[in-house]
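Letters are used for the chains, namely A, B, C and D, taken in the order the chains are written, and counting of residues starts over at 1 for each.
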Amino acid sequence: MKEAWGRWGDADERGALNHINGPAVRDAAALVRYGKTISLAQRISPTMAVPKSRPGIMHFMSRDGGDYAAGRRRPGGFQVADDTVVMPLHSGTHLDGLCHCWYDDTLYNGFSATEVKSNGAAKLGVDKFGPIATRGVLLDFVALNGAPLADGVSIGAGMTRAAIKRAGVALKQGDAILLRTGWQERSDTGGAVDFDTEPGIDAEAGLLLAEAGVSLVGADNFAVEVLPFREGTVFPVHQRLIRDYGIPLLEGLVLAPLADEGVSEFLFVAAPLPIRGATGSPVNPVAIL
Amino acid sequence: MKEAWGRWGDADERGALNHINGPAVRDAAALVRYGKTISLAQRISPTMAVPKSRPGIMHFMSRDGGDYAAGRRRPGGFQVADDTVVMPLHSGTHLDGLCHCWYDDTLYNGFSATEVKSNGAAKLGVDKFGPIATRGVLLDFVALNGAPLADGVSIGAGMTRAAIKRAGVALKQGDAILLRTGWQERSDTGGAVDFDTEPGIDAEAGLLLAEAGVSLVGADNFAVEVLPFREGTVFPVHQRLIRDYGIPLLEGLVLAPLADEGVSEFLFVAAPLPIRGATGSPVNPVAIL
Amino acid sequence: MKEAWGRWGDADERGALNHINGPAVRDAAALVRYGKTISLAQRISPTMAVPKSRPGIMHFMSRDGGDYAAGRRRPGGFQVADDTVVMPLHSGTHLDGLCHCWYDDTLYNGFSATEVKSNGAAKLGVDKFGPIATRGVLLDFVALNGAPLADGVSIGAGMTRAAIKRAGVALKQGDAILLRTGWQERSDTGGAVDFDTEPGIDAEAGLLLAEAGVSLVGADNFAVEVLPFREGTVFPVHQRLIRDYGIPLLEGLVLAPLADEGVSEFLFVAAPLPIRGATGSPVNPVAIL
Amino acid sequence: MKEAWGRWGDADERGALNHINGPAVRDAAALVRYGKTISLAQRISPTMAVPKSRPGIMHFMSRDGGDYAAGRRRPGGFQVADDTVVMPLHSGTHLDGLCHCWYDDTLYNGFSATEVKSNGAAKLGVDKFGPIATRGVLLDFVALNGAPLADGVSIGAGMTRAAIKRAGVALKQGDAILLRTGWQERSDTGGAVDFDTEPGIDAEAGLLLAEAGVSLVGADNFAVEVLPFREGTVFPVHQRLIRDYGIPLLEGLVLAPLADEGVSEFLFVAAPLPIRGATGSPVNPVAIL
């Protein structure tokens, strides 16, 4: 029996997103002052960086302008272009569903891992989330550190508290926490990112956020948590937050443009594609200031 | 030279979304009263209805709970499921990019159709939009009609004005207009939808909306516009709105749950996946009340 | 312990293909008289008929002549077209691997079904077969019947013996048996095929062939065996031939052009793509006369 | 007007494969002595080496043994595994179709490049070839050289003549020529292959083979021809052989096992998948000794 299991009923498949209630959404909307909309997503393309364990994206045009240049007919004058993607769902900026990882053969809320078969997850699919709108809080470790964190830097509870203090906000139930480590930004300005090592939070920092009742934890790196893992552990933050607390992780965020606004809290909206039984979804999360 | 070309500069690739300015977003956010979040998207699955001209979705698990049941090792106790989709981008609830259709070999804002080649659209890709947040206005033709509209019913300018009047709001620049025809709802309650015939707007109704300065036109049908087309025309609303006015169309919406709320205006957020050079994107649009 | 298990060693993954030895290949090659090469495969395309339980093929051009018509550069004068398929492996004319089906959680030769996980079959993948060259024998039930067999016609042992007699050959070890029912041919000349009903062999006929030591059983229908199944059974020929005898099935053949040659025996070559751990492979089998 | 254009009629789409006539096939079949069948193909998998310009293969199980281990029902006792590939057609061991490359906007036999659009090649698709059976001749440059050729080594006409002499056969019309450079073999025994540099033939050697009336030229490297190209040229052998002579190229062969047999001529069979309008096809070519 784990921390958040049963908290929202035995049938619950939305986990910590249940922390977001009407007042939380309303208060988040009230944070909008300028009406400025900022995308927090990477651009998706066949040339984007992906970890070795996953295939890249493919994008195919099934009809395009070249076809008409080559003489394709245009009934009624109408010309059209159309396309298809082949896309691993944990590509680029994406949300992890609660069926994405677990341990002891049991998923969040006690569901059996046997619910997750080749035709998708009968329980805890990312389609069970629905759109997410709540207060977003930016914890800016780049600003705190004066520079992007180096690969392998472990963000602990103390450093997390310092970032919260710097943000000037008190965490509250339902918050979506966005962690800026600078990992993606370094790749923008030079060498390729290395998916085997990155700055990120440790399990203690994850638990601090989980116990504060956050609805979601996002970061501008590959896995939210620090890589490589502490010896003897494998994705410990994933194990604890997703499986024990029902907290979705949001990975691969682009946070520098948001940080440049100098604002720590904002209306945050992220709406995963409701793919039946999927373990995750690419998203284009939005901060509205 | 068409209606909206050049209005936002010769290099513009966002079209009518430029109608949305800071005050429009701020005013839309101020509409949030209860903090209720409503998804306007269909669930995506391999069994969802698709038109004959497009392939269906495929969803593959590259690892799942069955693998562990069959003895897969779990280093550090960690267990994970992962998946990939093959997805035509105009599947389910999706946004049409401005490179999706055109005539006379020229796209919105005068870009040449030769910009759209097999490696994607160099201009007007859906990745140029960014997230959309603005006031949404529901025009409920099902309520107006007392029942879902029948296949082939053409919604003209008069009927559109009646629906606006019924909604009790004055259209303003930047509004996202959502048209409820009842087409998808009928399929929920019985037979399969027929992608060759549906109720939808005609060109005159489309121009009425375009001239009002709306940022986007969405509908709960396959193509926003009425099918079959008036004789001698092929997708006339697509041609005029997308290519001449730069207005993105949002197709395949689920609007009954929103209509049930009895509210005509709300904060509307839709954030297409920023797929480089894509002609469209599946989206999970949100109404926040 | 089933019929052919252990016959070629406990580690064997090629099953009845082991019946083909050097003399069998050499004798088959000696059947070549005119040097005529006949394809036994359906053309593959996105519009080909597929059963409801499987997705169709997708074929995408990642570069094509239209791109150059639209102005793509041509370094060194070189112009190129390139493409990708998304293809269920049991599409069109294809060979079933020995990991394709089983019962009692045990595959051919006693391998556990847990060898077949999301990353492919660790045992009995279609890549273990290698190319097949042997004598092909055509059993022409269309000629025997004077017309294509009707849907649901069950070919029993007696009818099979009559077809062998008509062919004028004695079956021998290693033969590839090709059954012409006329199912596909009927679809050529009119209505669509129905994957829920077809003429095909029953279990008794299958066992007759298996006990004769054939290396492979092919047919011009969807599943080799008669559909619908005898009550209470599901794919009984698949269960017995693939799992108990290690006999690959070859489905969706095009046999009318071969039958038109009036020859019952010939050099038969079929070379599955060696896709690691795959359950089947599309093939273009050849009869050389 | 180029060398082979019009030789087999203005409508011809099979090019040099027309050099293979009945006697050529029959004579090739007569070469079979031991009845030994040797695959000349690489194993296909998601981890195989691919050039940077092409995506890798994906292989997905849509049902597998793990599903049953996790409790999937088995009606009638029947258990089944099924899978799908996403496969660039020029992957691994594959045949280039005559629509694969060209120059001056004109393909083999004078067809316009505008025949090759997003829905495939209306002319010269790989489905027009049919299965290939003919005499194969191995030109073993590894044996000639005493070791695999180094990257960038250009095989000219003189070296080609030496290899023919060493093979002890006179080339004749319709032969399939297989060139062993050792490129793939080196990757087997150590480092990864580099797709930017390899030993291969130059244009002069290609023309020597073309003028001898060969039906096909294959090699155990990525592109048949030497890389990098001679300055100022891009894929010159492709341009000349495919477009001017209508000779299919067969790339990525595995030739060491065949070379180990010490035989220079043999029955060669390669049957591309008849994918409508495709620019190439993966194949599993066979040498039968």
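Assume contacts are C-beta pairs under 8 Å (C-beta built on N, C-alpha and C of every residue); 3 or more make two chains touch, one makes a residue touch a chain.
What you see is a predicted model; the values in this text were computed from it and never measured.
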By C-beta contact count, A-C versus C-D, the higher one is C-D
For the copies subunit B and subunit D, the interface residues, called same if over half of the numbers are used by both and different if under half, are same
Distance between the CA centroids of subunit A and subunit C (whole Å) is 46
Separation of the C-alpha centres, subunit C versus subunit D, in whole Å, is 24
Residues in subunit B with touches to at least two other chains are numbered 55, 58, 60-62, 64-72, 84, 86, 113-114, 116-119
Contact graph of the chains (line, ring, star, complete, other): complete
Within their complex, subunit B touches subunit A through residues 21-30, 32-39, 41-45, 54-55, 57, 59-62, 64-66, 68-69, 74-90, 99-105, 112-121, 127, 130-133, 229, 232-236, 238-239, 267, 269-280, 282-286, 288
Note: in the complex, subunit C contacts subunit A through residues 58, 60-62, 64-72, 84, 86, 118
